[in-house]
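Each chain carries a letter (A, B, C and D) given by its place in the written order, and its residues are counted from 1.
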Amino acid sequence: MTEQSAASTPVRVVVWGENRHEKVEPHVAEIYPNGMHETIREGIEENLGASATVTTATLDDPEHGLTEEVLAATDVLVWWGHAAHDEVSDEVVERVHSHVLAGMGLLVLHSGHWSKIFGKLMGTSCTLRWRSEADREIVWTVDPTHPISRGIPHPFIIPQQEMYGEFFDIPAPDELVFLSTFSGGEVFRSGCTFKRGFGKIFFFSPGDQDFPVYHHSDVRRVIANGVEWARTVRPERAVPVLLRYETEDFYTGRDYTGAMNNSEKVE
Amino acid sequence: MTEQSAASTPVRVVVWGENRHEKVEPHVAEIYPNGMHETIREGIEENLGASATVTTATLDDPEHGLTEEVLAATDVLVWWGHAAHDEVSDEVVERVHSHVLAGMGLLVLHSGHWSKIFGKLMGTSCTLRWRSEADREIVWTVDPTHPISRGIPHPFIIPQQEMYGEFFDIPAPDELVFLSTFSGGEVFRSGCTFKRGFGKIFFFSPGDQDFPVYHHSDVRRVIANGVEWARTVRPERAVPVLLRYETEDFYTGRDYTGAMNNSEKVE
Amino acid sequence: MTEQSAASTPVRVVVWGENRHEKVEPHVAEIYPNGMHETIREGIEENLGASATVTTATLDDPEHGLTEEVLAATDVLVWWGHAAHDEVSDEVVERVHSHVLAGMGLLVLHSGHWSKIFGKLMGTSCTLRWRSEADREIVWTVDPTHPISRGIPHPFIIPQQEMYGEFFDIPAPDELVFLSTFSGGEVFRSGCTFKRGFGKIFFFSPGDQDFPVYHHSDVRRVIANGVEWARTVRPERAVPVLLRYETEDFYTGRDYTGAMNNSEKVE
Amino acid sequence: MTEQSAASTPVRVVVWGENRHEKVEPHVAEIYPNGMHETIREGIEENLGASATVTTATLDDPEHGLTEEVLAATDVLVWWGHAAHDEVSDEVVERVHSHVLAGMGLLVLHSGHWSKIFGKLMGTSCTLRWRSEADREIVWTVDPTHPISRGIPHPFIIPQQEMYGEFFDIPAPDELVFLSTFSGGEVFRSGCTFKRGFGKIFFFSPGDQDFPVYHHSDVRRVIANGVEWARTVRPERAVPVLLRYETEDFYTGRDYTGAMNNSEKVE
């Protein structure tokens, strides 16, 4: 695909949902009758229209719905998980990780902070403080020229939310876009961007199974903005590799193709 | 240990060396007759004197010399590995990772860029371009008020070195302290700091088994500065954890102690 | 203007050129017969086509061609100056500064590092080391997913250039996009982004009056990418202001409109 | 002074206070009977003891108490101003600015956000939202390994404070150390570090004339930590300069000594 066509084709999005709370907890099913992933999908489609094609995948699909073929055709993956992080297979996590390093965008939502894929990309514990007592969350923009904050009111208010508070054990984000406060007095770095390999990552904390957060128009807009931002400008999908270059030959790397396999390295 | 005594006691350093090249390659043994780890240790002692106590550990020691007891008594771990990254046991890597998140400082030297522990902390491929043809390396300071650049000439010159060049697939460093150029025209972010959990990490690329880089006085000074910088100011050693806090109780977290174990999380 | 139309209308660019070397130095006039600003304009038009409308302004125009009316109708200002930084009136510098804080994009090229406007936005001396002896400059990408590096070879080579070297006294950039090496061995942070107020700033060092750098296709592409990146996503043009907000009224700030005038502040 | 002696000599601190509210407002005089600057001084002495020598200077002193001689003998300047920012002479601001670029540390407290010196160093409007209605401020640490957060409770609480809220128009800080929330729901980046030239700057927002904030033990500890952090590790005091270097001579810059005077530059 040429750069031109990449720019003008719809962004291909997969919304991945754990889809467990919705099945076993009636109050969640009431808020999200088709599953949280479907509500998240609707929010993206509502904002991006024909400039996005959005599909979904869930934990119980074969290979969690994230086969090599699916990921190769995905520009941006949106991730929501919570109770069953441990059930996600390490093989799929490795696959998603490779695709992120190779250029696939990734949005990690809310309780996805403790998913295997987010922990693997961050290198930290990704722990935080929390309380689910229907705090009011206020989301403030601290990077008002960032594409992800485009068109977002400053601040916007989520009437009822789980509290996520600092210290949030993540690397200092490349860009801090949003900060959230809670009626109990806590604060959270709720909108953070990171680059890893050739991939762009956006973590956005608002969103929960117990509250109708993914029906909130500003939350939907932020996620849609995040999708647009996370799409790479690079035409190819390839993991960075370790290569040897002769003096005065800056372009023809040789010898090493197994960049992720330390055992093949003999410099 | 109180904060006061932490500040006034010697920093406890372990220099970890793979110690393989020295054993099998005579030209390396000639440069580093007691092993690279011993030369690195000498450089730290030369600069820090009585304010540091430095020991060594190597790959072939039981548990690679990095038992729980050793790490618990280590303020800063210095890591050099290359040909045998793959032989480092995953269990030891997990242990070192936990100690870094809990507050142990870590210096990763040169080819340690591709060690398991560095990859796990960075979340990226940590690949780069390279060539071992005795390039001249010039190291430039771009953060002249950083404690790690204290007393370091701008620039300093390493007559013969392996070339490491960009693109270096790491997260954008928290602080970029040094940049290196090579006679072939390449550039490398050669001195980078990162924080992960409660731990401070310094990556410094100069240093190689084929050249006497760890005998270079400025390289030694940088490593010693890095050791001092990487020591935490926190008195306790504890991994960040996920805890629930009641409204208006900001200090008594409850319920979650298994921060690194996703399976225990039921928010 | 609505956000939608802002996104789909051409970006309005003004290339500001000092236009002095070209008039008094024949060897410069030979390289840039219509002035450097015209060559820079051509490069932008060559890359952006109908998606940009590019005009020029020079030091000797009334008010340096940068009246309130001109700036109000400018999305991105591109700045090249060198020998006559001191002749730029403080009033015009204040005006440009206000427009940047209010959302106008700014590209500062090469010797513009020592312009009044760049110094005022950075707060530092913006000094560096230099030598004009036709060094070869190699430009390396260290942020390969950044929109400004889109389609740029890694590396690209400028056969003859003035050397700019570290230490470059700027604030640590928000994003480091390019690093340059010179045949003499120096290094420079040659592509840096900054946000100030609601404005986006890109500094790009390649480019000089003595060498045909603005005819180089990759240099032109970088500048065009920078123009696209620096355009704000905010529909309005307004400087941030200091305002008082009543409790529970997050949107209606009162009392302070003279944000840049400290004397009016009585909190 | 050698590096060794610099490390072991007391840090020389000047606390600069505007000292106007205390003179004309009885309720302020009651809280700070000797002036706010004296209370701030006490807090530093209380924490640093013999490792600091702290003096004060005020607006009404000749040259505001900030002569060339005073600044040349100051390691760290602490700045509190509010109602009379405009009365600070531009000449003194230039002098302080030069000393910061040359290596003097600077702490800017609370309403100092709108001082001339802070604006000059930041390059932005430094505006924010505010309300003085005795909000409770909670200060959270988001960089728990930073020397400035050493020994600081997480969080600590200031019972009554002026509210400062986002958007705070500053450059993205090099390090974000503290975030504050207010009982009204606002959030503020309340502890930020910046480097400019060879100088280290710490902005800390808690502190106000209407509330006894500088009597708060944690606030005092943060300021003392900031003083220790802001002291440079460089032995000399010199502004960065623009210099020409011959090929292969990396150390002997020539020709340009007037780095702050653009008119002298003829590259």
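By definition in this document, a residue touches a chain if its C-beta (ideal position, glycine included) is under 8 Å from a C-beta of that chain, and two chains touch if they have at least 3 such contacts.
Everything quoted here is computed from the prediction, not taken from an experiment.
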Contact-richer chain pair (by C-beta pairs counted) among B-D and C-D: C-D
Centroid comparison with chain B (C-alpha atoms), farthest chain: C
Euclidean distance of C-alpha centroids - chain A vs chain D, Å: 38
Centroid spacing, where centroids are CA-atom means, of chain B and chain D in whole angstrom: 32
Distance between chain centroids, defined by C-alpha means - chain C, chain D (Å): 30
Touching two or more other chains - residues of chain B: 138, 143-144, 165, 167, 172, 174-175, 185-186, 195, 250
Residues of chain B defined as touching chain A within the complex: 82-83, 85-86, 101, 111, 114-116, 119-125, 127-133, 135, 162, 165, 167, 169, 171-172, 174, 184-186, 194-197, 239-248, 250, 253, 259-260, 262-263, 265-267
Residue ranges of chain C in contact with chain A within the complex: 3, 103, 138, 143-147, 150-151, 153, 155, 157, 174-175, 195, 198-200, 232-234, 250-251
Chain C residues touching chain B - in the complex, by the definition given at the top: 136, 138, 140-144, 154, 165-168, 172, 175-176, 179-181, 183, 185-187, 189
